[in-house]
């Protein structure tokens, strides 16, 4: 299919109408709602499948190491040792005990192949925590061990963020901006 | 009055007031431009510092003052320091020649060759840009400086020629006289539509504004002549640029849009009417003037948001092959019409027929353009686009 | 060495309009380019070598990072090549195929939007940049809704797709699709008729059809020269044969024609999605994976397979030794890399300002050029 070339009448050329066409568009856009999200006062809600920060469940994990095998960049470190437990009925049972489950999150590319590889139901490692504010001031803070992966809610809040309960930093500012932006969102 | 007071002290005070106001406008322009540009581009622009981001006006200078001032080790030091200063000085001096309101109160000085002086002063601004571009010892800066020089030289010519038509109609180089003339006839933009267009294009080019922002074309020359400048030196360049923009807008308003008056054929707010209202009338005139100037500043921003950039040779092409011949034709036609159809007395009043013909023609063109813009484009709803056939 | 008039300018690798880390050494006379020498490799990460050391499914996230503005098509090319190697191309369920088509067409739109945004801002029109990103953001939202990532999607698997789409997602895509045509009209109102835009693009970087074929150029630059060659039509894959669309071609082979071709391609992508969505609704939910073993160990052999990525022919060449889970050798034929080779020829005799337009018009992504 041959693309169509625009055709011009003499008035277009003489009166610069082609230029005014663009000016019209920009003028129209001036009054339209804006798309800016004023982080951190407003935050985007990630979708349900959003691949964010890890969460790990020690109870569910069966220490099969499949996630570590699936990881393309080998950042999941798992140490396991076998232990023989004596069951109440006297039988001896071999179980795998997880000693170490570390993820070097700073190298992670959030491909979620580990989550896919996990055989337990529900998954014992998952990324759909809707958390994306992972920035830290120290590289070392992004190396998470088993406990941190399970209970990272207690980790210090990113200092730039306002308190969740506190009112927005400047209510007037937000309201004014919202008005300017044509009441979007 | 004491001549010392009349010729030195009062003008100095008035200049200082004008200077402060202009500087505030220039600083505010930075915020206005970013904000409007943002709103046009589906975003918000600076909105963090203070209400509506207004304190950005203060925050920017503070940032410029506190930033590290880097001087490239290979730069030609004296020229490098002179670079940002040179364009600033003429840009400031010019403001004492512009009548912001009815004289004598609202004009710093009243010179009968004001226009000529303004043209002479503004065209010296380019030296700083060339010097800065060369002294930075950076190839991109050099190219930016050279582009600016060539652009300035090329567009000085149509810039000057476009004014000639106005001078022929008004018969004076005195801006006050030109403004008063327009109040008693019609805004020069109508009889001198072509000249106004050329003037507008040239002033865009002189100020390095889109679509003629080649000297600082960031996608080609990184930042053009001010690539190596930082902190306050960069701010000086910017101040000079915005001041020059303001000067040119003032000129545009004075020459083509009736300055501080709001009158046609002597009816409306003429200088005499404003003067009869005393000081408040003068203030009203100034407000009208500033509103008109700011409208043009907004058009600058609007253009910047809309248009792509010309290429260097195309810019020269436009200047030499279109703008200059067009300006000459304008002078020629204006001369012929004004000479062939001089003033006539109809019903006891003097009517300049030639000027009226030109004004009607100009107004008709404006009306036609507006009509065609408002109308949806003829070829827009053509046949169903191939990609939409499946849905039709 | 140099003529007295000549000057050497280092254009990049840190320059606003080299789209990454391309470095072009320019020999210029005034502003006219005498010689342009692109120097690449600043973003080389050894992706092909990496592929030899990881199992096939693990390679997929790495393909995201080659053409990082069009990762869905990168994924598609890789998984299709492996499927071809395993001989399971025919077993891919219809629903998975349609999902792949929809995703890769959305990706084509988003890649072209990014191209338009940067191309326009290179030529000086800054506003289309923001309008394009506004729409692109909506496409990324759709990706996020489908697979959880916005840029590096990792959204395809060998033998099918990782997740099923929800009816909600299909509705969202449809809603976006309905509005998209108006958005393209808006960009076109700013550029297509504008005389400055035309002066900056018409007659710039002309490639004749013969030259284009000789250089091995593919994708929109080739079609802009008037060669009707689109792998979706020429060597159909997935369910493209069932979908109706046109291949836009230009006439003059200049920057303006390439611009028109890409704009039309976005409309055609829209058209494809418009047809694919009802078909997707008609398939059974959940039927998204062929029945293959979890461990992917293709038989011994080699295969080359290419798809039409937004930038041109994206080919993968994989050699398998039949024993390991890793490729013995994997080679990628990136369209940007091949298209970039025409830059010196195109730039010769043009001005520095045109070089910027030319880098924009061949639409390179340095992640893909350097791999």
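By written order: A, B and C. Residues from 1 in each chain.
Definition applied: a residue touches a chain if its C-beta (ideal position, glycine included) is under 8 Å from a C-beta of that chain, and two chains touch if they have at least 3 such contacts.
None of these values were measured; they are calculated from a predicted model.
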Chain closest to the assembly centre - both centres taken as Cα means:
C
Measuring between mean CA coordinates, which chain is farthest from subunit C?
B
Centroid spacing, where centroids are CA-atom means, of subunit A and subunit B in whole angstrom
49
Take the average of all CA coordinates in subunit A, do the same for subunit C, and state the distance between these two points in whole angstrom.
25
Rounded Å distance, subunit B centre to subunit C centre (Cα mean)
44
Two or more partner chains touched - positions in subunit C:
127, 131, 134, 190-191, 194, 196, 246, 264
Among all residues of subunit A, those touching at least two other chains are 1, 6, 16, 19, 21-22, 24-26, 29, 35
Going by the touch rule set out above, which residues of subunit B reach two or more other chains?
40-43, 305-307, 386
Within their complex, subunit B touches subunit A through residues 36, 38-44, 47-48, 51-52, 302-303, 305-307, 365, 368-369, 372-373, 377-379, 386
Of all residues in subunit C, which touch subunit A in the complex?
54, 57-62, 64-65, 127, 131, 134, 137, 141, 144-149, 152, 154, 162-163, 186, 189-196, 246-251, 257, 260-261, 264
Along subunit B, where are the residues that touch subunit C in the complex?
37, 40-43, 139-140, 143, 210-211, 213-214, 217-222, 304-314, 385-388, 390-391
Contacting residues of subunit A [partner subunit C, same complex]
1-6, 8, 12, 16, 18-19, 21-22, 24-26, 29, 35, 46-51, 70-72, 109-113, 116, 127-128
Going by the contact rule at the top, pick out the subunit A residues touching subunit B in the complex.
1, 6-7, 9, 11, 15-17, 19-27, 29-30, 32, 34-36, 38, 172-173, 176-177, 180-181
